[in-house]
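Several structures are given next for inspection.
In what comes next, chain A is part of two complexes: it sits with chain B in the first one and with chain C in the second one.
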Partner chain A sequence: MSIALARTAAEEALDFSLPHRRMEEWRWTDLRQMIDKPYPPRQMVTAEQGEVERLLKSSPFAAIAGARMVFVNGHYDSKHSKLVNSAVEPQAEITEPVQQMNAAFATDGARLVLSGSIDTPVELVFIATDAAPRTIATHNVIEVAGGASATIIETHIGKGSYLANSVTEIRIGEGARLDRVKADLESHDATHLAHAHVTLSANVTYREFTLSTGAKLNRQNGTYAFKGEHTDAKISGAYLLAGKQHADSRLVVDHQVPNCASRELFKCVMDDHARSIFQGKVIVRPHAQKTDGKQSSHALLLSETAEFDAKPELEIFADDVACGHGATAGDLNEDHLFYLESRGITPAEAKALLIAAFVGEAFETIDHDGIREALTDYAARWLTEHRRKG
Partner chain B sequence: MADLQTIELVKDIEVDKYKYGFETEIESDFAPKGLNEDIVRFISAKKGEPAWMLEARLEAYARWLQMDEPTWARVHYPKIDFQDLYYYAAPKSMSGPKSLDEVDPKLLETYAKLGIPLKEQEILAGVRKQGEKSELDDAGGSEYSSGKVAVDAVFDSVSVVTTFKAELAKAGVIFCSISEALREHPELVKKYLFSVVPQGDNYYAALNSAVFSDGSFVYVPPGVRCPMELSTYFRMNAKNTGQFERTLIIADKGSYVSYLEGCTAPTREESQLHAAVVELIALDDAEIKYSTVQNWYPGDAEGKGGIYNFVTKRGDCRGPRSKISWTQVETGSAITWKYPSCILRGEESRGEFYSIAISNGRQQVDSGTKMIHLGKNTSSRIISKGIAAGRSDNTYRGLVSAHRKATNARNFTQCDSLLIGDKCGAHTVPYIEAKTSTAQFEHEATTSKISDDQMFYCMSRGLTQEEAVALIVNGFVRDVLQQLPMEFMAETQKLIGISLEGSVG
Partner chain C sequence: MLDINNLHVKLEDEDRTIVNGLTLNVKPGEVHAIMGPNGSGKSTLSYVLAGRAGYEVTDGSVTFKGEDLLEMSPDQRAAKGVFLAFQYPIEIPGVVTMQFLKVALNAQRKARGEKELSTPDFMRLVKDRAAKLNVSQDMLKRPVNVGFSGGEKKRAEILQMAVLEPSLCILDETDSGLDIDALRVVADGVNALRSPDRAMIVITHYQRLLDYIVPDHVHVLSKGRIVKSGDKSLALELEKQGYAEFDKSAA
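Let's turn to the complex of A and B:
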């Protein structure tokens, strides 16, 4: 059913029709309504160096990352980058609104070919400086050569009001391993729209972790296509949301070949009026026998007014598979709180301990010690600051 | 056992006949093909309905005209030509096969397995009406010289029905057709009809509201525990009551009723489209248990000629501590599109949904439930077992939502799918919406197949492959089977085995 809708001011500024709730995949995140002011694209903004450096320093990975590639307001910043682009072309089909928007407005992005064994994490930093509201779009292509192993971090940091659109295409060659960490530490006045398109060959090990805590509006799509057998992917994420933040993740795990395994684990903590959404879909195509696919999403609602919506979908066309999903939503368990309090722990501490344990499970999936510790610390700081406020 | 089942089946047929006995004057009339405002007026006039009912129908029709056919379900079928259907008492002999030779042989095989004699098969397959003379009568050699006589010999159904009627009346339970209720109890119908499923609720509900021809009406007065399983003996909805049934069940304060619709014997229906609406209302402390066994003609091996079952079923737990429980066994129909739901409005009310959906051949099932928690301390439980075999598609689609004010809402959902063969599909599409932190929602889904070890074990004990599958599947669905009224458990177990025949190897 197509309905002709009058364009909103935001749509006029972009000359682009935003997805809305009548579209099934956007039922809980109506961009037409939620993007309530114009974010004109392709704006030239001169960044102040001091601000760039301050923002760069605020990345929790500043001490961990080896080679860095920095994009400021959607453009490559040679001063702070150690890496240069390689010759690699995008291949992903453009089907989704976030991708279409990106295709129209992307100004720059990383083009990387990773080969051999890269020990120190590579960090891609996307910085938005404080300026007039605008759209910043970047498009990255990362190719991991067969047999290679690497860790890549995507950090999104910013100040002020802007719309960040980030599309990342990842292709992983046979027998390779990639650990990908993405952190949305955007400004609280920002909108973050992301799309990841991951293609996995045979015998690949893929690990992904996403932290969503920055933007006021966050939507992340991920499609993971299994193209070769005996590949194993773990995709996990944590949401730490408060105020009126809204975060929506939609993952499509597409098992096209037999003998692969996928795991998804999402932990969402919400306070105040925050709302989080998890839409996960596992597809097992005909003949993708012996697929082992598990998906779980858990939400912890700390306030009466927080909201969690989930749509964990299974679409299965092969019989010899073990697939399942689990979803839970609720507040802290009173028995657990009581137990801790009876051991002399203050209610506030007990609460913090339980929240930390709840999200901790997702952080545990990160193999790199430094990154895991950096993110765990970041989460602990969020909890403390947040508690002080509340 | 086979004899017992035959008696059961014959009983159903006779009872239905009895019901038709009341309606002969309506039976002889029919409206021309197609749908327009005049047809709606015609239906309403024929049934001698009050003016408000006609208005409600016309409003529904006007709404329906504005609506688009829903396409979100995972089902595919050629577009339905709504002008090519009869909307009122279609002449039933027009499209039926002339003799058993013309009936899908697969269907006849199933009858044989359920132990249904040839004469009854004719009726079920739509070759002949009850009371009509069978060509087989001349051949002789059958122990039943005609369906009717056989029934009389076995069972004097009229007196049985009367006995139950009297017993129900003594308890104060009103159980009649909805047309009768519109004449005899218009105040009750007016108060509750459309209050759960409004005229414009969805495309098929709007269509049903405009043209529904009949259905059941149940009212259980305060504090009354209905003395019997309704419909166990009547099974009014089982055959030919029309493609647009409307059922309205009201359980007044503190009452209890268990209602069962459907039939385990596969019936060949003449109408391809079934768009029924069921409304349940449970007032304070009342409980309604609604069980369905649906085994309509699924079509031939290619899925041609099967029934489209597009049903809207919704229960409203209106009073505090009320309870509505849906149990369904869906084995028939080419396409099933059905989401029995509960609106948990009353505080501490409870909704339950137990489902077995089996699809084989080319069947498509898109079914599930909605549990809408509005009141405080409401709870719900969903157990869904989907079994896909052959080239079928089986989808569970459900919603569990808690409103801001639904403090301490609880839900537990379990959706298990079993795949038999690698040409079928099993899908799970649950929606979870928690708008309050005090809600505790748990959802679990698994998909698996019958393991080789299980098969090997059963077969090493001397079971054939098909027996082994039936046994394992019966174990898989046991949680739901147990929710069925006793009378139906055994029959359903057998039915599951039959539905899955030919699915292995």
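Let's turn to the complex of A and C:
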């Protein structure tokens, strides 16, 4: 039995029912309550060029990316893009609210087929410029051909108040390698809803890293389907949150075939009233023997009012597997701080060193030196600015 | 240089006095050895001097280079020249030893109004000191103390000391856990730092270390106070007789 709920103003504007806390997967992120004002869709906004260029320049990858594809307010920006779309169609089944919303409102998105060995990273930049609150939705389809290797960066930047909905569908062919880096640097007035749908063939190496530090409200889903044997995926993330930021990640790793490995590592740094949630589900299907699946999420709480929730779920139907999960939450270690301070390091600097060391483990999973350094610098700047602020 | 006067220290969250009326005067250039049974308060004294939280000074004073040491934060004390080689050095995952040394040295220099050391100068300094203490380049690239053996941790402490060049070195059982060769290496490292304007407090259970680092004064600590002081011959006496007699006299 379902109870009809009166529509909120946000739902009216979208003509769409938002997920809410009575849905198990959304229990910590009740969009009906949290999206507190209307974000009308299909609002064309003419972007001011100066603003676009400023935002583009603020990408930590500006100096690293080889080819760029830029979307401004949900539309392909030919002036700033080097790449054009290929003919590749979405295939993912639309099952969950972020996807449904995207299907209803997506205006554009990257369609890429990557083949051969691409040395320099490809950056997809999603920009939202300052204007009246609105919904911006993009849908990307990325196909990595068999044997190819590539690095793809998704950068989300913006100004003002908006709701960004981003769905990325990734299909990786046999023997290919994809390194995917996603940086959520949205405006602090923004809502970021994302869904990644990743399909992995045999002998694939997949590396994913997400930095979440923008957006006041952030929800990211990821589904990773292992469809070929001897595939290895590492999915990592770092959160740097303060103020009243809220970030909820739900990952479903689905081992459908034997002999694959998955590693999930999430590190969350939270201050003030920030809150983060890590929901990680690992499914091992009956014949997916020799699956090696591990998941861990760790939170560093810098204030007593910050909150971290972890919900690990293991659904294991095969008997010869090595799977595990771990979650921890704590504050900075007093003994560590004292040791550093006893060597002359100021308390503020000691704190920054320990925070950087804590998230560093997640950044270490990024193979590309330039990207890792750019993001590490970005995180260091966050720490300094954050410290200066309070 | 260091004047500890009638110092009383209790645990912050327990009504238990650990240091109980301790008086000690250390002049520049001197080496003082502190010996005493387990639990007599040696490490507590060293922590209080370094500024660790969790202890409360209920009476007495500590003056360092004419200033009230107890008023300073741990990092200020370090910049002033206090260095504690920990009995149990702490492992810090994720902070690379080399980076840690650089941040520490430059933080101290900055606090003293000195110029920061350039990276090449710093590298040269660390390389030189590390070679003398048999600390490998590999150890310098690893996180602070993580995965170091007991002996490696002690050598790493002395390396930090050699790089930071403090004026008051407090060594808390730096000899325990060292093999005979390492003991000599560490003792040589410590002796290399002996100078007319640097003082040392060496906490140990064993006379052997004092064969290498020859003290000017030896003190016996029992139940939180010094019950006997003498020259280096006192250490030999203790080695033969144990502490039984002093425990009685402190009761």
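Note that in this section the second predicted complex is superposed on the first by the 389 of 390 C-alpha atoms of A that agree within 3 Å, B and C clash if a C-alpha of one lies under 4 Å from a C-alpha of the other, contacts with A are read in each partner's own complex, and residues count from 1 in each chain.
By definition in this document, a residue touches a chain if its C-beta (ideal position, glycine included) is under 8 Å from a C-beta of that chain, and two chains touch if they have at least 3 such contacts.
Just so it is clear, the structure is predicted and the values come from calculations on it, not from any experiment.
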First, second, both or neither for A:Pro40, with chain B first and chain C second: neither
Touching partner for A:Ile345 - first (chain B), second (chain C), both, neither: second
Partner chain in contact with A:Gly146 - chain B first, chain C second, else both or neither: neither
Comparison of chain B and chain C by chain A residues contacted: B
Partner chain in contact with A:Phe358 - chain B first, chain C second, else both or neither: second
Which of chain B and chain C A:His336 touches, first, second, both or neither: second
Chain B versus chain C as contact partner of A:Pro90, first or second or both or neither: neither
Touching residues on chain B, where the partner in the complex is chain A: 68, 71-72, 404, 417, 419-449
Of chain C, residues touching chain A in the complex: 50-53, 73-75, 77-79, 83-84, 86, 89-90, 92-95, 100, 103-105, 107-108, 111, 143-144, 160, 164
Complex contact set, residues of chain A against chain B: 1, 24, 286-287, 289, 299, 301-331
Touch list for chain A against partner chain C, complex: 334-336, 338-347, 349-350, 353-354, 356-358, 360-361
